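One chain, chain A, links the two complexes that follow: it is found with chain B in the first and with chain C in the second.
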Partner chain A sequence: MFSIPVFLESFQPLMWAAQYTLLISVLGILLGLVIGTLICAARLSGSRLLRGFGGLWVSFLRGVPLLVQLLVFYYALPVIGLDVAPTAAAVICVGVCASAYISEIWRGAIAALPRGQAEAARAIGMSPRDTWIRIILPQAFSMSLPALVNELILLVKASSLVSVVGILEITRASQAQAATTFRPLEVYIAAACIYLAINLCLAALGRYLEHRTAV
Partner chain B sequence: MQASSVEISKVNKFYGPFHALKDVDLSIPPGKVTCLIGPSGSGKSTLLRCINFLEEYDSGEVRIDGKLMGYDAPGRKMSGKKLRQMRRGVGMVFQQFNLWPHMTALQNVAEGLIRVRGLPKSEAEARATDALRKVGLADKTGNHPARLSGGQQQRVAIARAIAMEPQLMLFDEPTSALDPELVGEVLNVMKTLASEGMTMVVVTHEMGFAAHVADQVAFMEKGELVAVDSPQGIFHAPKDERIWNFLRTYRERNAF
Partner chain C sequence: MDLVSQYGPALLRGFGITVICWILGTIFGMALGLVIALIQRYAPRPVRWLIQIYIEVIRGTPFLVQLFVLYYGGPLIGLRLDALPAGLLGLTIYGSPYFAEIFRSGFRAVAHGQIEAARAIGMTEPTIIRRILLPLGLVSALPALVNFSIILTKETVILSIITVPELMYQVSRMSAETFRYVEANLVLALFFWALVETISRLGRRLEARITQHLIERT
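Up next, the complex of A and B:
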């Protein structure tokens, strides 16, 4: 029988663990935004070397599953003599992985802008730098917002994978909880509810932003 | 108002193997309106865009007030900084308006004054308001482009160009994207500019505008500048059969 009390009691430890899920996803996407922007800039640059590097970066990170990336990264760090806290390692790994997708989101948004937008800026004598900062990027950003929120939702789900490197986020916490209570069904349904709640909130946020920045 | 002159001589432009401009010569006198007409694909936009170097011509010369546009010497492109300096004196209005949708009308006009002319924000906005008043949009300064009609958007685009105080204005089919009932308001603003002595180069399919406002009309076909003449000469006594054919097609299409 499904036990309502066990189900309800599972929430407390899982909500605690949800902080880690959120921490890793949010820091991961912020880091991914920074790296992804640089990678996108490299891919759009005039230098063939940079374009090649950006292209490799994207294909490699999109071609290898995050779980494998995490394991490689986690076991490679001690080999090269780095002692990084597991949480930091997880954030870096998630961020790097996200950067590949984010750079493609940027690139698509920039390519979708009508050519006339930058031309109008050039025609009045605006510098390339100002054209990027004032004209192209703000529009690319609002166009990308729904895709970026979507990426964040994917990261929240993907963050369950960081349990393999020992971080007590929602999935790992529910495994532990299931092992002590011997009621896996109740515990995992509670975990599913928490993931769902987080992602429904994010989806609502995405709709709000999309609506607000619509032009 | 200071008005520029433009001397175009032997200009050639290739898109890959395609010869888009063939030895084009055209003299644009200061303070006058020059209309460019001709069939679609004849190279009108390409020629117009060579004047402010949005398209790089491959050979020949475009001189604005005697200064070579785009090159320091034949084959050696000028620095971006110098090019931007030259472009400040040339305003351009596009068929699709190309307003920046994330900015209000006022911000669209003030942006260049702030970023390019380096004016403080308050002064830039004061001048932008003046420019918008001049095109009859003093009450729309806070609207984003999406909340303006096509004719209003194009007038904001004209305000954006004239706020920079250019000595030359280029128009690439400024009314072609507009509903017919909105064409007049844009042409009226252009007529006012012309009467103030602005040098204007206008690519247009508005033959009425060309006939009544232009000081000279240039006809292009297949990358060639076939003829330059007074409106009277082009519309009533065309010397070339190609002009005659173009006008006949135009009249047939617009007859009812």
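Up next, the complex of A and C:
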């Protein structure tokens, strides 16, 4: 039945692969933050064209399964003549997908800010730029931190899909391990334990931030 | 044109299986979620802890890994399932904690006075669940329920990895035979975009209809 030694032994290669899971999720969320901020700016801008583009971006990336996005991206890159390392391609794809969700988090946080804040800044003579940089964005950022940690948890789980394009993260490593040991149950449960440990830590971080930023 | 006649039926069948997986997965997941939410409300503390552990484990692990445990690990403990039933069971288990949390917050939104009033006029607990808690809780849970069912549509493509013959699986097979990876996957992406947009429009309309009724009554 369930073999404890096999279960314990499979942790070593999986822990090694966990660094790729973490790398892809963390770089993915950083890239998603950059693109997501731009998309959010586009959606809040005065230009109709930019707003339309931002809307399409968000609707497309949220409407298409990440697995399909990954495959489109993975196969399309060589066709348009780009030679990108697989890990980089995975990070870009995960980051682009995350950008749609992050821009919505931003938009929600900015909308949730009391109007009086911006009005007060205007009233004491701050320029619109200063109002954004010194009043709106800092508060929106600290308000959206818990949601961003939540997004990071989703990315850790989503990163299991990049195993399909051959990147040796936890899921891919556990497939290889299961194939060599012929004990898929133990190996996959070990993989689940590692994911769970990562996500419980992140969830605790999220609760801490929520507690700290609560006004 | 040749491609359409050659692969059309397979793609159509794949789409049918995607829809079936989605509908059954949503129904079963919702049912299990409802049971979990009710147990969490009424069961003694140790049972509630167990349920909470279940919720954390399922929500903290990727769907793909859960499918692998079920489909490849299952036979070791005597759980031998074909790809499709394993996929459906996986979808049900994966969705249940999310649905349970949605129901739980729906129940919490039911004004306490409603339940106290029901108790005061002598309703028994099962009647209260059936006539007060469920109808009122379901209405306030509806937007989140619709939202999560839409998320489940996108999760069905992951079933292709354990060889459930749904749309994504058929598209992968087609592109492997014709070497048209980019076109095939792009079309699949556009197709899912249209599908998800349509479902969410319908969902919003359904929501508006049900809540409008509520606003008129109160």
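In the analysis below, the second predicted complex is superposed on the first by the 215 of 215 C-alpha atoms of A that agree within 3 Å, B and C clash if a C-alpha of one lies under 4 Å from a C-alpha of the other, contacts with A are read in each partner's own complex, and residues count from 1 in each chain.
The rule we apply is simple: contacts are C-beta pairs under 8 Å (C-beta built on N, C-alpha and C of every residue); 3 or more make two chains touch, one makes a residue touch a chain.
Just so you know, these numbers come straight off a predicted model, no measurement behind them.
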Task = For A:Gln139, decide between first (touching chain B), second (touching chain C), both and neither.
result = first
**Request:** Determine, under the contact definition given at the top, whether A:Ser45 touches first (chain B), second (chain C), both, or neither.
**Result:** neither
Across chain A, the partner (chain B or chain C) reaching more residues is C
So, A:Gly116: does it touch chain B (first), chain C (second), both, or neither?
first
**Item:** Touching partner for A:Gln19 - first (chain B), second (chain C), both, neither
**Value:** neither
- Message: With both complexes overlaid on chain A, does A:Val164 touch chain B (first), chain C (second), both or neither?
- Response: second
One more residue to check, A:Ser127. First (chain B), second (chain C), both or neither? first
Where chain B and chain C land on the same part of chain A: residues none
Chain A residues touching chain B in their complex are 114, 116-117, 119-120, 122-128, 130, 134-135, 138-139, 142, 215
Listed in rising order, chain C residues that touch chain A in their complex are 56-57, 59-66, 68-69, 72-74, 76-77, 154-155, 157-158, 160-161, 168, 172, 181-182, 185-186, 188-189, 192-193, 195-197
Contacts from chain A onto chain C in the complex sit at residues 1-2, 59-60, 62-69, 71-72, 75-76, 79, 153, 156-161, 163-164, 170-171, 174-175, 178, 183-186, 188-189, 191-192, 195-196, 199-200, 203
Chain B contacts chain A in the complex at 52, 54, 80, 84-85, 87-88, 90-92, 94, 96, 98-102, 111-112, 115-116, 144-146, 157, 160-161, 164
